[in-house]
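First subunit A sits with subunit B, and in the next complex the same chain sits with subunit C.
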Partner chain A sequence: MKPSGFLLSTLMHDRGGKIFLTLLTIVAVAVPLLNMLPETSAMHVSTYTVTLLGKYLSFAILAIALDLVWGYCGILSLGHGAFFALGGYAMGMYLMRQIGDRGVYGDAELPDFMVFLDWQSLPWYWYGFDQFWFAMLMVMLVPGILAFLFGWFAFRSRVTGVYLSIITQALTYALMLAFFRNEMGFGGNNGLTDFKDILGFSLQQDSTRIALFMVSTLVLALVYLLARFVVNSKLGRVVVAVRDAEDRARFIGYKVESYKLWVFVLSAVLAGIAGALYVPQVGIINPGEFSPLNSIELVVWVAIGGRGTLYGAVLGAVLVNYAKTYFTGAFPEIWLFALGALFVLVTIFLPRGLVGLLSKMKNKNNKTGSAHETTG
Partner chain B sequence: MLLRGNESRTGLFFINLNAKIMNIFSSILLAFIFFLLNPLSLYAQPDADDPFVVTIQQLTTKNFNKKSRILQQLEQLGDPRVQPLLQHLLDGNLYYRKKDKLMVTAIKQDDEYLITDVTTSENLGSVSKRKLKKIGINNTLRKQLREAIAKLSLAHDDAAVRLAAVQQLTENMTLDSVSLLRARIKSERDDGVSEAIHTAIALFDMASDDKAIRLQAIQALAGSLQPIANNRLNALLAKDSQGQFVEPDKDIRLAAKTSLGEIETRLKLYQFIETVFFGISLGSVLLLAAIGLAITFGVMGVINMAHGELIMLGAYTTYVVQLLMPNYIEWSLFVAIPAAFLVSGLFGVLIERGVIRFLYGRPLETLLATFGISLLLQQLVRTVFSPLNRAVETPIWMSGSWEINGALSLTYNRLYIVIFSLLVFAVLLLIMKRTSLGLQVRAVSQNRKMAKAMGIRTGWVDALTFGLGAGIAGIAGVALSQLTNVGPNLGQAYIIDSFMVVVFGGVGNLWGTLVGAMSLGVVNKFLEPWSGAVLAKILVLVVIILFIQKRPRGLFPQKGRAAENS
Partner chain C sequence: MKPLDKLRDHMRRDRVFDFMAQGRHTTIPGRVDTSHQNTILYVEGVTVSFDGFKALNDLNLYIEDGELRCIIGPNGAGKTTMMDVITGKTRPDEGTVYFGQTMDLTGMTEYQIATAGIGRKFQKPTVFPEHSVLENLELAMQADKRVWPTLFTRLNGEQRDRIDEVMDTVMLHDQSTLRAAQLSHGQKQWLEIGMLLMQAPRVLLVDEPIAGMTHQETERTAELLTGLAGQHSVVVVEHDMAFVRSIARRVTVLHEGHVLAEGSMSDVQNNPKVIEVYLGE
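Moving on, here comes the complex of A and B:
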């Protein structure tokens, strides 16, 4: 088994990755166990917290997806939220179809909002979403195809740097406007919500939520390994070369466009998967997910964690989102101030993010990875 | 010695100046007092020689024939007070006070009557009904009054009043009113009013017995933009329940059809003009929003995601200026424009010196940092002014609309903003092409090192350029405050559009920004009726995304040496 051997050897050299995967395993085992403790216990983790953690993990997958294109390929996408939301919508459509006749209007075929809008039949693009396998296929295919078309046009005409960032932002903005329209058939302003169950398990049940959380940890680990495999492969090396000196890579004879396109599509598919994990745990998907602000926030997670490391992206996503949950609860006024200041300070003072800061400190103190433990 | 001499000279100068100021001041004061007194002298003391007063005093007579003669006299007077008086008489609101026979208008309020002096328009408080005597009229007088009022309105100095009078007459045409209109048309100068009169006469002639006159009238209606003409012509083509034409004459129907066709073509033409105007109006807003960006992004190559928030600061400056000068709303915009320029410009310089300076050559990081600044500014505004929208008042000279004809009217605020945006564009172009700052900016943007070697303080130029772009964003905010809600999210709505305009037009090219903004505005407005506002916007975005793929450097790409760096 050559790939697995290769994977193992790369993991051996990936210190941060080892620590990250160990922590992830501990979390994946400990959290459900702690959740089973009686509620009176001080160590009890409520199901609400478990779901919240599951949400963070899906964000972490999204952050890895962005780190692939930004950290390793130098493409700053300000529209990755669009791929995330598309994956989420695909999942949401499956969950919508699972409601069946338990909706407010009791229509076996049509979701509530379509009955409300007086639609007579299911639009063609909703066909097949009652099948889980089809929905999962779409979770990956729809963002992937969009990324392929977009990237194919953009990279071939050598749109790079800031221009690319701005048109990716325009892309997610256009999609947001489109999904806000009721005529699109995706629930308009309200989006898709009121989900009942997934694969026959009720979404309200604690056991389902725990299972979703565990699936999220598993997927995160797999995504991390896949991304690590990609960036350490020969292809990954070329991608890094494209990031550092695009023209030189092109003159040496690599098809720069193809490499970029490949990474971009892979990243979009991963973002779609993250969205599909996000929706059942949060219970709603609406066009707000397409808002350019979300995509930019995502960029700041990666920037804060440290781009080009993969585990840095995970660290940033979890930390920033934890801070967001805390601040919006405790001091809602301060959150945007804090986020804005983070953008400015990190870009000026921490160009390599927290991971860069940690490794710098480590080099200074010449101590072993204890610093990782405390922040992870 | 020297000192004293200087002192005395300055002293003299001040005295001189004081005298001058006093002079100006007193003449202003005098003019003001005169202005105050002038209407008083006309109205406050009813003059026994005032023919108006003398004539209306005779209305107290009970003899209707006499009243009729008095009314004729009044009509000849040419006094502006006559027409309202006749209207009051017709409405039965004209009374005289029993004790001194003073003519008043009375409005019933609770049990009392609120009376106003007819001559001076002075409010005389409320009195009981017993103290008043109504001026009675009969049907003959009523008819005479209506005609007199119509005739007076038709001769009124204000074209709008004349137009309203004609439209009033059109509703219910009689032989008398037609002869009135026929008399008026000879002396009418205003195009709109004379068109309305022609329409009215033609509408009357359509009901004539003479076929020739009818045909002529129908032809005269061709191209009339009044809805009533359209309706009447359509009525001629209507069919009854048996499927037979209501109008038996075939020639008349044919003529009506031709005239209707012509009306339709004209309406379509004006609709087209209106859409173009809306497009240009939207384009000018885009131009204002994007032109500051064209400087910072296009010339300096700095991505400023906080540009929208600088626009928002300009809009809030307008709001604050209006709070500071609540009694001079008419003038507030003229104060707000330089104020907004300074406020946003200052913020711009701060942003450049505080953040962007450290990030030159790292465009992606600049993008992120300025985005953080935009969040900070938004939250700042939310904390200081509340997250709710603030109401910015529109001065009277900017409200209302310019009615060109029945089918086309342009609102003044949009009209002024179109002019304003072009002015700003021209000024900016002058600054960039004709001043030494512009020269230095262009030099730095083309070759920073060489410019530095020639002695240009590049850091200083960067700060000023960024400040200029930011200040213009502030000015855009003043204009936008007249069109949309002023809230913390004002800027976000425009940032993506502005980037699209700059990228579409070609980076580093102000003319490109102008063409880009105008064409995007017009295309958007032409797509809207066909596809709806949101879909139009999406379509435009998609088209631009595709366009950038095809021509990554925009409509007007930079050529030569400047292009090499970008």
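Moving on, here comes the complex of A and C:
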């Protein structure tokens, strides 16, 4: 199939997706243009804002990843932040090695924190991370392999529901504790930071930041299309079938564990990619990213946006994070309460999230407008 | 692994004289072998206990290829447990379950058993509520059900025809694009039977097919099930005696996990042990 044909057939019945991709294209073009306006102009978008938007976009990718497992497959993972952070660490390791002898201690081989810990040589698991392609491979492989191992045991033993959620939470918590330790060789408490450049371009330069933003929009669009292709395929229908009636799916001949595992691994890989886009834009990755709270926040984004639609997850991620930026600036002490309240309210009044609310309003309009109407 | 498997296959005691059977009947792996007295399902000496309670107690049951068998029995007689054992949901503590002469179902998982050709309808109608009728049937359709092929597959003309055919059989053609959640209770039951048919199974296990159906729907279901027998073996578990009488050729009565009586409906009804169990002492 031609790429255009693939795109058309994938998006044919996906109005929300079309709107989302159109908006994304506008943002991808307009934001860099507005950034080029003189700073005195009212329309000027500062580079700081561009980077902030880039960060939201990487969160949006993460939200799509979670929506695949939660919204479509019914697996409530409360540990998806772990895959995001692992992808971020893989990227961070590449960026660390790019610093070279420009670090405080001027060691060409070892990152600063290793010199500080008096290590003599690079640990084996840091080998290869000076190569961009290798680091990018690891961005996907490390979360993917962890998800595969974890899922293989969990799904085969038919751990489901709350129990699965709890062990995913334990997974990310355990990783957080591990990464806090200096002996692990990932910078302990401080994580990886003080990055200088990526592929030879300085991270401090505006042009690099704009480029990172544009790459984020592109990757988000591609991830969206990939996820849409998956959920529109027969496999996507099987996955929803597993969510709704697992036994039925099993008794008509589907190996349910394999399907869950497949989606879980794909989702982890996408989360890893999101982490890799996040790190160069915020300039730091530390064990705090493994915090269970992050993973729970992620679930809230998807719940607020609307599960099982993909674009709902994007909407939720961007809106909640915008609100977070605003609230933590304006009233830092109430943010967590606001988030909690939001989650409770959405769960009670908007079980299908903001997207569900929008389609409900649209249906109501149609009902008054014409007799032709579907329920739902 | 491969050579080891071959060796094991070679050493199997039930295959020792296979070479002598050449020409008369050959065993093909993955194919159901019903050459012995036309029997397709062997349930022999099966015992299942839950916390000391014996749900099945030395159960013996043989189903012939293409027959329509009704299984009746009071609540707790072990009817549903029996289906669980055959479909791989529950492992028996003792006993064997063979599909044809060669397939040992106790060593297979649910999806393997389903793929081998045993379809099951649950007591409570279980369909995929968010999928349309058409999609429900598509999902059940006999096909390569591994993950990667499923990602890239598309419906072809032949498969569409097959779905159309089954939608006609279960009379859901006009509802093809409706979500299954919107169907009536009876229609859900039919959809589930339709899903079984899409699997093209050799044996259909049907648990209480007419629960919650109107009179006309019941009649239609009776026609449907009797029509299926012949091409498929149909095992029906049902409480409704009038319904059983209308379709049954052979009836098996279960009581406390054991076969109490077996035979034609009138034989069974006149059996003193059955009368005692059903009417009390």
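Here is the rule we use: the second predicted complex is superposed on the first by the 361 of 376 C-alpha atoms of A that agree within 3 Å, B and C clash if a C-alpha of one lies under 4 Å from a C-alpha of the other, contacts with A are read in each partner's own complex, and residues count from 1 in each chain.
The criterion applied here is as follows: a contact is a pair of C-beta atoms (placed from the backbone, for glycine too) under 8 Å apart; a residue touches a chain by one contact, two chains touch by 3 or more.
In this text, all values refer to a predicted model and were calculated from it rather than measured experimentally.
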So, after the overlay on subunit A, do subunit B and subunit C clash or fit? They fit
Determine, under the contact definition given at the top, whether A:Gln131 touches first (subunit B), second (subunit C), both, or neither. neither
For A:Thr328, decide between first (touching subunit B), second (touching subunit C), both and neither. neither
Note, angle between subunit B and subunit C viewed from the Cα centre of subunit A, nearest 10 degrees, works out at 90
Go through the superposed model and pick first if A:Arg237 touches only subunit B, second if only subunit C, both, or neither. second
Partner touching more residues of subunit A, subunit B vs subunit C, is chain B
Quick one: classify A:Asn189 as touching subunit B (first), subunit C (second), both or neither. neither
I'd like to know which partner A:Gln204 touches here: subunit B for first, subunit C for second, both or neither. neither
Per the contact definition in the header, classify A:Gly253: touching subunit B only (first), subunit C only (second), both, or neither. second
Name the contact category of A:Thr25: first (subunit B only), second (subunit C only), both, or neither. neither
One more residue to check, A:Ser157. First (subunit B), second (subunit C), both or neither? first
Of the partners subunit B and subunit C, which touch A:Ala245 in the superposed model: first, second, both, neither? second
For the superposed arrangement, tell me the lowest C-alpha distance between subunit B and subunit C in Å. 6
Shared subunit A contacts, counted only where both subunit B and subunit C touch the same residue: none
Hey, which residues of subunit A end up touching subunit C in the complex? 230, 233-235, 237-238, 240-241, 244-245, 247-256, 258-259, 262, 375-376
Contact footprint of subunit A on subunit C as seen in their complex: 87, 89, 109-111, 114-115, 119-120, 122, 126-131, 135, 138-140, 142, 145-147, 150-154, 179, 182, 195, 199
If you look only at subunit B, which of its residues touch subunit A in the complex? 303, 355, 358-359, 363-369, 371-380, 382-383, 492, 496, 499-500, 503, 534-535, 537-538, 541-542, 544-546, 548-550, 552
Over in the complex, which subunit A residues touch subunit B? Could you list them? 76, 78, 150, 153-154, 156-159, 161-163, 165-167, 169-171, 173-174, 177-178, 180-181, 292-293, 296, 299-300, 303, 333, 336-337, 339-344, 346-348, 351
